[in-house]
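Given below, in the form of structure tokens, are the structures.
Two complexes, one shared chain (chain A), two partners (chain B, chain C).
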Partner chain A sequence: MQTLWTRRATLAAAAVLATAGSVAAQEVIRIGVPTALTGTYADLGDQARRAVVFAVEEANAKGGVAGRKVEARFLDTEAKPDLARRQAEKLALEGFKLLTGTVASGEGLAMGPMLQRWDAIYVSTINKANQITGAACQPRMFRVNRLDASDGAVVTPWLAQRKEAKWAIMAADIAWGRDSGASFIKSAQANKRTIVSENYSPFGTNDFAPYIQKIKDSGAQGLWVALAGRDAINFATQARQFGLFDAVFTAGVSFVTDNTVKTLGEASKGIWGIINYSSTLDTPENKKFVADWAKKYPGTEPTNFEGETYIGMQVILQAVAKANSVKPADVAKALAGTTFDTILGKQLMRKEDHQLVGPNFFGNVGEKDGKLKPIITMSVPAETATPAPDPACKLPG
Partner chain B sequence: MLINILNGLVYGGLLYILAVGLVLIFGLRRVVNFAHGSLFMVGGYVAFAVAAVSNFWLALVAAIVVLAVLGVILDRFVFRPLQHEDPIATVLVTFGLLLVLEDVVKTIWGKDFLSLAAPPLLAGTVSIAGETFPVYRLMVIAVAVLVALGLSLWLRFSRIGLYVRASSVDPVTTGMQGVDTDRVSAAVVAIGAGLAGLSGTIAAPLMALSPSMGSFILIDSFIVVVVGGLGSFTGAFIAALVIGQVHNFGIVYIPWAASMIPFLLMVAVLIWRPTGLAGGRA
Partner chain C sequence: MTDIAAAPSRSRNVGFPAVLAVLGAAGCALPFLVQSPLLLTLMTQATINAVLATGVGFLLRQNGTVSFGHAAFFGLAAYATALLIKFGLPAELAIVLAVVLPTLLALLLGVVIVRITGVAFSMLTLAVAQAFHELFLKWRELANGDDGMAIAFPAKVFGLDIAIFQQPASMFLVCWLALVGVILGLWLLARSRFGTLTLAIRENEERARYIGYRTVLPRAIIYAISAAVCALGGLLFALYNGFVSPGTLHWSLSGEALIMAIIGGPRLIWGPALGGVIFFFIKNAAGDFTDHWPAVIGITLILVTVLLPRGVGGLLVWLGRRAGGGRGE
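On to the complex of A and B.
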């Protein structure tokens, strides 16, 4: 599978190169993208890939970044931490040292301690586990997307408005799912809600029936779901057949996203969830991004993961321009403590923990312009949505 | 409790239909078909494509027929030349086949997850012991039971069933008795592949269609085949039932160890009863 993908990824990279044309003979900016091109999270990895390809083409069409051409190379990780570490190392050895685009938090956590040895940097755009910018933070690791604690900061005030007293949790048994579950429990405790059933399903579960039955038997009135990709679709399809969503109020994170809603259709209607990015956000920069996106990928709007990965690319390329260098050490220096122009406005990359300070949103799946999609009903500004740096993260300098 | 048993039967039933195809192909051709999961996946996609222009039932028939034809082709050009090769060669070739089929599906249908709705007739729920239970899941159990009954009757009472049983014990002697084992094999692989198409279709309304969906379920079906005993039809049936229940009750009562239990069961069988639960009867 890997060799096939390697070949295909090389082709894709070559295609990107070909469209780029010739730019001044400055050193090329090489973006390495180890991501899930197959497996449970293939759908998320594909979104990361599309966003990177879009950003690369956009930059090259403008004549590159400060005269530098941009190139990207993709390798399959299947969202597995050990494979991600190997693929990232391969990319770094081949000179693609500006890494981004992995899906599962475990992947970022596996790469983090190796970055300095590889002389690379890693910018997370999808990994949510708090540790990435918490206890496991690294001088060469950065995150532009919202962390679990930030989702918690949105869930806590939202939960206060809900009447359901007893809640169940259904999450993926990986670093992110466990983290999200813990985060929800904190929000529940803050609101004096009880957790009556906690379920963590193995990554890539086929049959969710036993979990669904457990949740039904637990007497839960509300359900928090932290499942993504294929897991999210399998769970939602089966839960709907059991009538779970009619009996239990459901909300989640990465569960009902632009892409899963497309597959699930009516089954996802009315489900609530955290929205980290939406194409409907009303900033001039975002409107331009959405319009350009539709030109590159006709008939589509950028999804949440595509928007977040694009923000990652904006941040990386601006840091290269600021550093006027493609050397990972220089780019890392230019990243920390700098404010970047993103599609969601100006955002600061905190130097204390390397977390980009951005807003967060909440909403539910409804109809907009005749299409089902997650619609924002509550916005939380950046200062409140991104909790203060975790003291467990100690970065030098 | 009853609902949990039923849920175990659903997953076990699905595994049985898939695993018994593996057993059929192994019995006749001595080929461990790693591509079986991708046949299951292709079955799901064929059903998805046909259902888009007609209905679920036609899709079900189409998936079985298309996969059976694919089975005949595979038997003639892949399994027949492979039967005298080293097992490692068959493993490599069938694994390669899996990659090819996955890529073909990716090229035709793309990588996005697809979903096939249950037929309207079976989309509702029934009340069992005061709990709601999807009608569709009952259908899955019924299909598995029908497949088990049909196969055992066919193997026991039909002439070709007799040939199949004879060939899977000793293909050479059976051939010397005047049975055209290649034709028997073609029929058997067609049925095995057709069953993979059937299981792919009935699984489609339960889980997302994706090019790699076969690999998610293949491991479980291999566990069923090993626990039941390679080449044993009864063994596959018993093992699928056991694995289905163990999977379900594991998650309900000892969730932290649930995903380990089927593997532990397999290890236990390999240590104490290496010929499988059915004791090596073919």
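On to the complex of A and C.
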């Protein structure tokens, strides 16, 4: 524990170092955020940006992390893997070597193999594809958010209670959408449900009419949707016009998020889905976070992606404090196998696959305090919500 | 020389290669002077851009036709490298085929589509390129779709450590020498009898036919050569990044290449390369300040077309002439 005096001394020392230029340059914690600021996933990237800005300001207001100031720099990836790779490289070469906040799984998978070369680390807060902590895992890559297999672990028991026998899938034709589709098929098979129509739309699709028609014609009673950002909005708006939501029972992942519900309004009421984080979660840490958030961004509550990215920042900053270093190699060492204090309680960053072990939730869109938002109806504790490490991931040590 | 090419003055004969040699040598010194790895990686990417733009510009110069689809050859070269290695071919063979296959494809394609002129030709190039984009986007089993695929290079290629192609300092040298070599080759080609013939066909195809020349094959060969240059760019891109995604085949990259050529000045062999470098650094600098960097590129393009119809390269030549009183290239 620091006394007030030592803290003041550290602050004074930090101020001296800050004026010393090059010395200070080593001390600052530089967070690089290659994320989608334009394009289909711009809304998700913007949430990541808000959460990182919030965490940085919060840390600096407290005098930094162990006396170190925190800085963040954002570059646009348009959620395109090759651009993410170039922008992440640029950030790393500029000294922003602690990377986080990237949206699409394909981006994370493209960055992963380069981390050693850039001498950087990457902490995923939104990428869901299983490979990130599975077959494609990397010594310098970590994930704090829930993976597709974890969503599957929540969907399987939920599906058992549903009466619909025939299901259709509507997902994005990228690593995450494919993964989520495969995961849902597994859950369906476990419950003896049949999949009658599988649809994967290209990233950034504008016209969903052909898919909607196909789903209607397939005779599906239930529909699983894995679309996000503008894809989710486009699909939901058109599905409403075609009356799809009246014809089939709908559930999904990243589909009923705080922001899509805001855009869709009444049409989203009653849609079910995975909720990876909700501002309504009842822990003291989360309540404080939500209250502080409302001070910084008046009139808003943190959304799911904002909550998850904030957890990522908590984990990174605690790891820097533990390592007492901003060197990516030291931070990586401090991350693996450590339990962190997050807004969802204490969570372990597994050293076997670098996946943070956390809880997962399920719910539907309903009214709360006069506002439509995703409401949690089922909570799955961390031990069951995060499946055991994938043996395909072989990390040294 | 006894060919029918207009024999320019002796000084012009040696002047251009001499200037090119000086520039080539100066470029080789850069990695030793520039310490920032960030600047080096940007320069490497800019040089790869310049190779692509040179290919597109050469087609515009020799055939007078606008291609909206040259990213196809760039992307196909990158995908060929990735896929041939994935299917177990030696990396060296894959690298050679990565340039040869798109060139052959362009030759076959060229024999058919160069017969068509004007907007219809541009639209055809666009259609063909988008077909390849869709193929690689949709066929997930082949190339992992929109998520792109990493290229599994072995540790050594042609006896050289693969790191040579992936470290900015050494890769800049490779790309720079490739660019200088391409420009020299195209310059020699443009001055040859064949080059002059294609210019004649560009100016008046009917007259060239009446004189007794076949006109389709020379145009198709120019198309294939310009594709080969773009394929070389794609290969360098694949070597440097070790990763390829369908974005490398997309029409927007073809469009960017065309903008680079116009900014630099496609009447000059080396103009598009200059445009490629300018384009890359404008894009990069503007991208740091605003999410609306395409607007900056758009304004640059408008300014160049209105104020400098011969491109930045044309301006440099004009300035050079005024300064030296000579004729310049």
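Rule of thumb we're sticking to: the second predicted complex is superposed on the first by the 371 of 397 C-alpha atoms of A that agree within 3 Å, B and C clash if a C-alpha of one lies under 4 Å from a C-alpha of the other, contacts with A are read in each partner's own complex, and residues count from 1 in each chain.
FYI, a contact is a pair of C-beta atoms (placed from the backbone, for glycine too) under 8 Å apart; a residue touches a chain by one contact, two chains touch by 3 or more.
Computed from a predicted structure; not experimentally measured.
With chain A as the common reference, the superposed partners chain B and chain C clash. With both complexes placed on chain A, chain A has more residues touched by B than by the other of chain B and chain C. After overlaying the two complexes on the shared chain, residue contacts for A:K394 are found with neither chain B nor chain C.
Of the two partner chains, chain B is the only one touched by A:G243; chain C is not. By the touch criterion defined above, A:K368 reaches neither chain B nor chain C.
By the touch criterion defined above, A:L264 lies against chain B but remains apart from chain C after alignment on the C-alpha atoms of chain A. Of the two partner chains placed by the overlay, neither chain B nor chain C lies in contact with A:K346.
In the superposed pair of complexes, A:D207 makes contact with chain B only, with no contact to chain C. Of the two partner chains, chain B is the only one touched by A:I233; chain C is not. Once chain A of one complex is fitted onto chain A of the other, the partner contacts of A:R117 are limited to chain C, with no touch recorded for chain B. Once the two complexes are overlaid on the shared chain, A:K80 sits against chain C while remaining clear of chain B.
Comparing the two complexes, residues 38, 202 of chain A contact chain B in one case and chain C in the other. Only residues 36-38, 41-42, 45, 137-138, 140, 144-148, 150, 166, 241-245, 247-248, 287-288, 291 of chain C touch chain A when the two sit together in their complex.
Note for the complex: chain A touches chain C at residues 37-38, 75-76, 80-83, 85-86, 89-90, 93-94, 104-106, 109-110, 113, 117, 173-175, 178, 202-203.
Those residues of chain B whose C-beta lies close enough to touch chain A in the complex are 3-4, 7, 10-11, 14, 99, 102-103, 111-115, 118, 123, 125, 131-134, 136-137, 203, 205-208, 210-213, 216-217, 220, 247-249, 251-252, 255, 259. Interface residues of chain A, counted against chain B in their complex, comprise 1, 4, 38-40, 42-43, 46, 199-200, 202, 204, 206-207, 209-211, 213-214, 216, 229-230, 233-234, 237-238, 241-243, 259-260, 262-265.
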